[in-house]
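Look at the two complexes coming up: subunit A is in both, with subunit B in one and subunit C in the other.
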Partner chain A sequence: MRASSPYRANLLGLAFMTPAMVLLLGFFFLPVVLTSVFAFTNMSTATGISGGSYVVTGNLLRSLTDEGLDAKTIDALGQSSYVIDQAGLEKARAAGVDAKFIAEIAERLKDRSFTSSSAFERELKTLPSRPTRIRDLKIAAGAFEQSVLNVRYASRGEMEAALSHMLENPPEGAIEKIATASYTGWTWTTDNFKNLAIAPDTWRIIGNTVFYVVLTLAFNVFVGLFLAITTFYLPPAGSGFFSVLWLLPRITPVVLYAVMWKWFTWEDGFVFNIAQDLGLPAFNYMKGSVASAWTVVILVNGFVGASFGMILFSGALKAILVQQLWASEVDGASRWQQIRYIILPQMRWPILFVTSYQTLSLLSSYEQIWLTTNGGPGSTTTIWALEAFKTALNNYTGNLQYGLGAAMALVLVAVGLVLSIVYLRLFRFDEMMSKPKIEF
Partner chain B sequence: MTRNFAAWPIILLLTVLSLPLFIMYLFLLVDTFSNTPPGSLLPNEFTLEHWRFLIDPTITGDIWKPTLTTILFSASMMVIVVSVSATAGYALSRLALPFRRFVLSGIMVMHAFPSVTLIIGVFLVLQFAGLYNSLIGVILVKASLMLPFGIWIMKGFYDAVPWEIEMAGVQDGASRFIVWRRIILPQVKPGLLSLALFAFIDGWSEYMLPRILAPSSDFEVLSMYLNTVSDPNSSTYNFNIFKSVGLFYTLPVLALFVLFQNRLMNIFGGGTKG
Partner chain C sequence: MQISIRNFTKTFDTTTVIDDMNLTIRDGEMLALLGPSGCGKSTTLFTISGIHRMDKGQLMFGDRDVSGLPSQKRNVGVVFQNYALYPHMNVFENIAFPLTVRKDAKADIDREVRAIAALTHISELLERRPGQLSGGQQQRVALARALVRKPDVLLLDEPLANLDAKLRLEMRSEIRRIQLETGITAVLVTHDQVEAMSMCDRIAIMKKGEIVQIDTPADMYSNPRTSFVAGFLGNPPISFLSGIAMDSAFSIAPIKLRVPLGSRQGIADGTQLKLGIRPEHFGPEGDIAVQGRIAFAETQGRENLYDVALADGSVLRSIQPAGKIWAVGEPVRWHIDSKSVFVFTDDGQRL
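After this line comes the complex of A and B, so read on.
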């Protein structure tokens, strides 16, 4: 073997791992970090995602009044003033004001300031080359207007400079306070978690989530077991038919699967028509009542999950020594006794695996609910993951609260991380990590 | 085995349990070729009119553009997943890497981790990277979210290749890269094929990522198209038409599944996501 081999192998390893590492860092690791970071901000559509700017608006003045800022300062903030400076002269020139008039203003009024438009205009009227039309005079006056109201400043420094220019003898700390309040971007806060802790909705959604996970999981495991065992005993043709039928929900793209359920349970749908013919209450079962909406949600998810259980359990069943079953039949055991005393005890690990795996994926899955009941009627079938998603990325009011949504998602991310690590320990995936035998 | 237990109650129970599925899939097929009078359950005439959307874009909008976009989307994502998993899986299976154990456990945690909870974080990443609302961004995200699974599967296939083959290649003086390219890669072809199929089907079925990460872009995949067509509030809403569109959309998936059932079942059983 050549001496350069170790170096080459490492270089090869680096080259082979880099694309995977870049993608995993970018779309797994970074999202986890961003979720945790932005859970502590008030980021939303209103604040924008990159930084904001500093603006004093009419609304802000009102809320500052409510917060007890003194009336004199508020008044001064709302006012405009007129200052004859170089910037104003430039602006007047750009606005097309007569050059001679501008020269006169510069000469006679340079560096003077006026607190109202009427005083300034009165002064302008005394100049010899003033425009004859009052509209032109107003345009000229407008060029020298200075106000912080509704002006966008890119940095805090500029805003503070403008404020101290406007306010004479502001109260202690007022400028800092106004500048902070005028920021339109997102800021750091722990309010998301505080609000979640006190909101009454939180507990209802947690209750919904537990209800949903427990019932769907029970459906998955029991139906999965039932399917695996019955198809195991059925003749091949029958078992093949049922296996394929139950696999379909898993293969079918989720959108089609959801619209098929809509057809089944919607107004004028299949069940609706049958119920009408039989004289039973016929309504939109997916959204019409809480009980029927929950039934649909659990069945929609349960049918998908049951096939997952069925595949795993069928695999485990095939591993059972068939001699054990033959022996039990010789001893006169019934099918039920075979299932109870031979099959079920050997299914302990597959059942535990399906249970833990499905708990995690049910906790975080909302695609089917989103596409069917969308959490309705009201928010009765809304689960935590769906609420987080809707808060951050998909609601009708248009103000998407990324910060709050990230805080809700962070809870799921934490639960998901803990559970997946626990499961990996539980199912001893460690053993799969044998060391490579060629150490170069 | 002797019949010491009556089979029919079980079959009956199984049938009743399977009835909703059976009805849904039966009518998915039947309704696309027939008309049913209002209020009735059974169709009374055969027709091909529900398939006219294939040639007449005025019914539900042009279907061929979304079809091409979906093929492009699934194929690019498949190429990324397969090539990146093929190299990373080999490195993790056969090369002495620093932090190998750490990386491997990290990938396993990511594999078990419900990636759907990351969607808000992914949204922010795309915003910052300027890839929001672009097809490339969605492809990268979809491929990345599938990588832990792909790397894991490929590592399993590499692990099953006998060490002796690789040793022999190295003894003959070939570099590790040449050994991988010429000797090992052909050995794991079944794995590559299964992963490619699985990735393609997964990409084909994807709805959420394009919808959320590229809501106002000018491309549309078939899943988004189908959801628009099947919106009960839309003007073109018609049970039969959305079933035809849905069947059209799902046929490639079903065909791939029927053709490669055994390969896919291996992967489904091996380590699927719930």
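After this line comes the complex of A and C, so read on.
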């Protein structure tokens, strides 16, 4: 009995942990794992997310040229040839070509080949049973055409066979290279990260993101603190009213909130009309200039976070013993000295918490920007999360680059993890975690 | 410095807590505001400190009218019941705080803090945080902080309430020692009559926002003005008997008890009276015999406490030196010392 009791305790602990583990797996690990997987593929709308086939297209020929495949091979790939073989005869029959004419082709031209359609057609015209109409002649000629261009092969083997049939003396490795390049499905690749590292936009977007996070965070913390402290000194009725007022941005549905900002800042909007009456520059502030667009973006997000900060800071303020405030007044501290020496030092943890929590959520939030400036004007207010979202899920051109978007998201996850570890160190999380009070 | 409160009225919302109170605290004395909870003693203290403002009345520090001044400008030192130490500052910073906000020179602050720390015997704790101190040590820090800027008056709000019994005894004499050494005028708020009697020069007993009696502890004990005062001071407490005046005596006819009223003359026969008998004035010795039965006995070591139930159900308390022990249920015929009893009217006024 004695031996079994610690074992049972462990099982009970595990049972308590299970819901948390399931949630963690389902909502954190799984998305991160999937993101990591997608990040190392070139998945997009074009490739699809299931498998593909092997096709040599005109575009592929151009890109192969760019990659330095020799001109002779490229030329050969682009060429068609005409071979009178059994397969061609079958095809012609299926295309409804006159049986007599087919028989003549089989008899006179069997196993001959032509390198151009004009030569083949000239030869066909010499046959007695040739069709009178040019169109019928072209259909008959087409049945014997052999080309890899725009032909879909289900497997790599078929594509390679077709290529070796087409190409005479191809350069070393050319067939493998072309076959690989002709695959239309997704493949594993690290190109997403390489491309991100060299793309000139990357650094601009990183700059935007840092600018956005730092300024919005500063707004959150300072306005949140300011509101908490001012409402703290207000009589209860007044402070209650103001608290609710400042909560509106947080409790309003995000789409409605964005629409309200549009009414507020667009042409003929609230600010627009006031500015016009005052003779100040009036334009669409949300999208009209970079400075005003940034102002709107930071305010839109800032007010949401400020109310969050206010709630937390208000709670922390109420936890300060009123006797400490009385004592400081009796000790001769002015209101400002009271805030500076008594209140703010005791707000250290809530401030640090709001800072860390908001950094992480601002890094990954894009919906307010998407709904207001949509990253504009140009891409001046585009942040990393918005760019990732647009790349992967909401692309204007319609080619959604899941792989690249996932790579961008993975970068965010990595940054978030690093920051979390830094913040947990700052919080001394291990000290906050004490042993369970109840023994099993 | 002499502190005087004149015609002080304080109202919270619609409740008048204190109505037209007058109180003078003499220079250098330690005065206790003693009373049950809710009697307005803390309100009075916080009004002197400026944390609460007066609705009506005048507050004088010496010749200076401070009624309208905020607490920052009053120069008072307050020790709060929970000490209200600043948890993020160490002991030195806590004590130095009143001087820091006054922007005194660093060297002066250092000298003052060390001097007051020596007085309160906490010199070796200056680097610690409040969370690392025991209750008694926190109490000393709070006291040092209140005293460091040499306030006109030291206000103590139930300073011993959060200490254990042994520390309470120790801090009782410590606070008194420091008060005497500094010669500061002090006001102590407490609901514990032992604290008030042992620490203070004078006691003001409060009830429902009024000062019932203000006197030295000895006078207050031996000469209470009302039955409330008599009941509040003394441990074990005084016991009361209800009866009527009859032939110049306090009388309870059913049990044939007669206590002569002595010099208290002119009380009409039939007047309802209350007789207050302290436990030390009821026992085997005395002049007025009472038949009763031991209803409760408590051994305290040096002495024993007894409750004696009389035939009509009323109870008299007695305190007797250890030695002979009476058992619960034992019938006794004990005596009241009639010269030491207090006689009150039915509404509590002393006769």
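What to note about this one:
Throughout what follows, the second predicted complex is superposed on the first by the 283 of 440 C-alpha atoms of A that agree within 3 Å, B and C clash if a C-alpha of one lies under 4 Å from a C-alpha of the other, contacts with A are read in each partner's own complex, and residues count from 1 in each chain.
Note that contacts are C-beta pairs under 8 Å (C-beta built on N, C-alpha and C of every residue); 3 or more make two chains touch, one makes a residue touch a chain.
None of these values were measured; they are calculated from a predicted model.
In the superposition on chain A, contact of A:Ala385 is made with subunit B only, not with subunit C. Among subunit B and subunit C, the chain that touches a larger number of residues in subunit A is B. In the superposition on chain A, A:Leu248 makes contact with subunit B only, while subunit C stays out of contact range. Once chain A of one complex is fitted onto chain A of the other, the partner contacts of A:Ser334 extend to both subunit B and subunit C. In the superposition on chain A, A:Gln324 contacts subunit C only, with no contact to subunit B. Contacts of A:Ile274 after superposition on the shared chain: subunit B is touched, whereas subunit C is not.
In the superposed model, A:Tyr366 lies in contact with subunit B only, and not with subunit C. Of the two partner chains placed by the overlay, only subunit C lies in contact with A:Pro345; subunit B stays clear of it.
Residues 326, 329, 332, 334 of subunit A lie in contact with subunit B in one complex and with subunit C in the other.
Put simply, subunit B touches subunit A in their complex at residues 1-2, 4-5, 7, 10-11, 13-14, 17-18, 20-25, 27-28, 39-41, 80, 83-85, 87-88, 90-97, 100-101, 103-105, 107-110, 112-125, 127-129, 140-141, 143-145, 147-148, 151, 159, 163, 166-167, 170-171, 173, 175-177, 180, 201, 204-205, 207-208, 212, 223, 226-227, 230, 232, 239, 242-243, 246, 249-250, 253-254, 257, 265, 268-269, 272-274. Touching subunit C in their complex are the following residues of subunit A: 321, 323-324, 326-334, 337, 341-342, 345-346, 348. On the subunit A side of its complex with subunit B, the touching residues are 1-2, 5, 8-10, 12-13, 15-17, 19-21, 23-24, 26-28, 30-35, 38, 49-50, 223, 226-227, 230, 233-234, 238, 242, 245-246, 248-256, 259-264, 266, 269-270, 273-274, 276, 299, 303, 305, 308, 311-312, 315, 325-326, 329, 332, 334-336, 357-358, 360-367, 371, 385, 388-389, 392-394, 402, 405-406, 409, 412-413, 416-417, 419-421, 423-424, 429, 432-440.
Every residue of subunit C that touches subunit A in the complex is listed here, in rising order: 46, 49-51, 70-74, 76-78, 80-82, 84-89, 97-98, 100-102, 145, 149.
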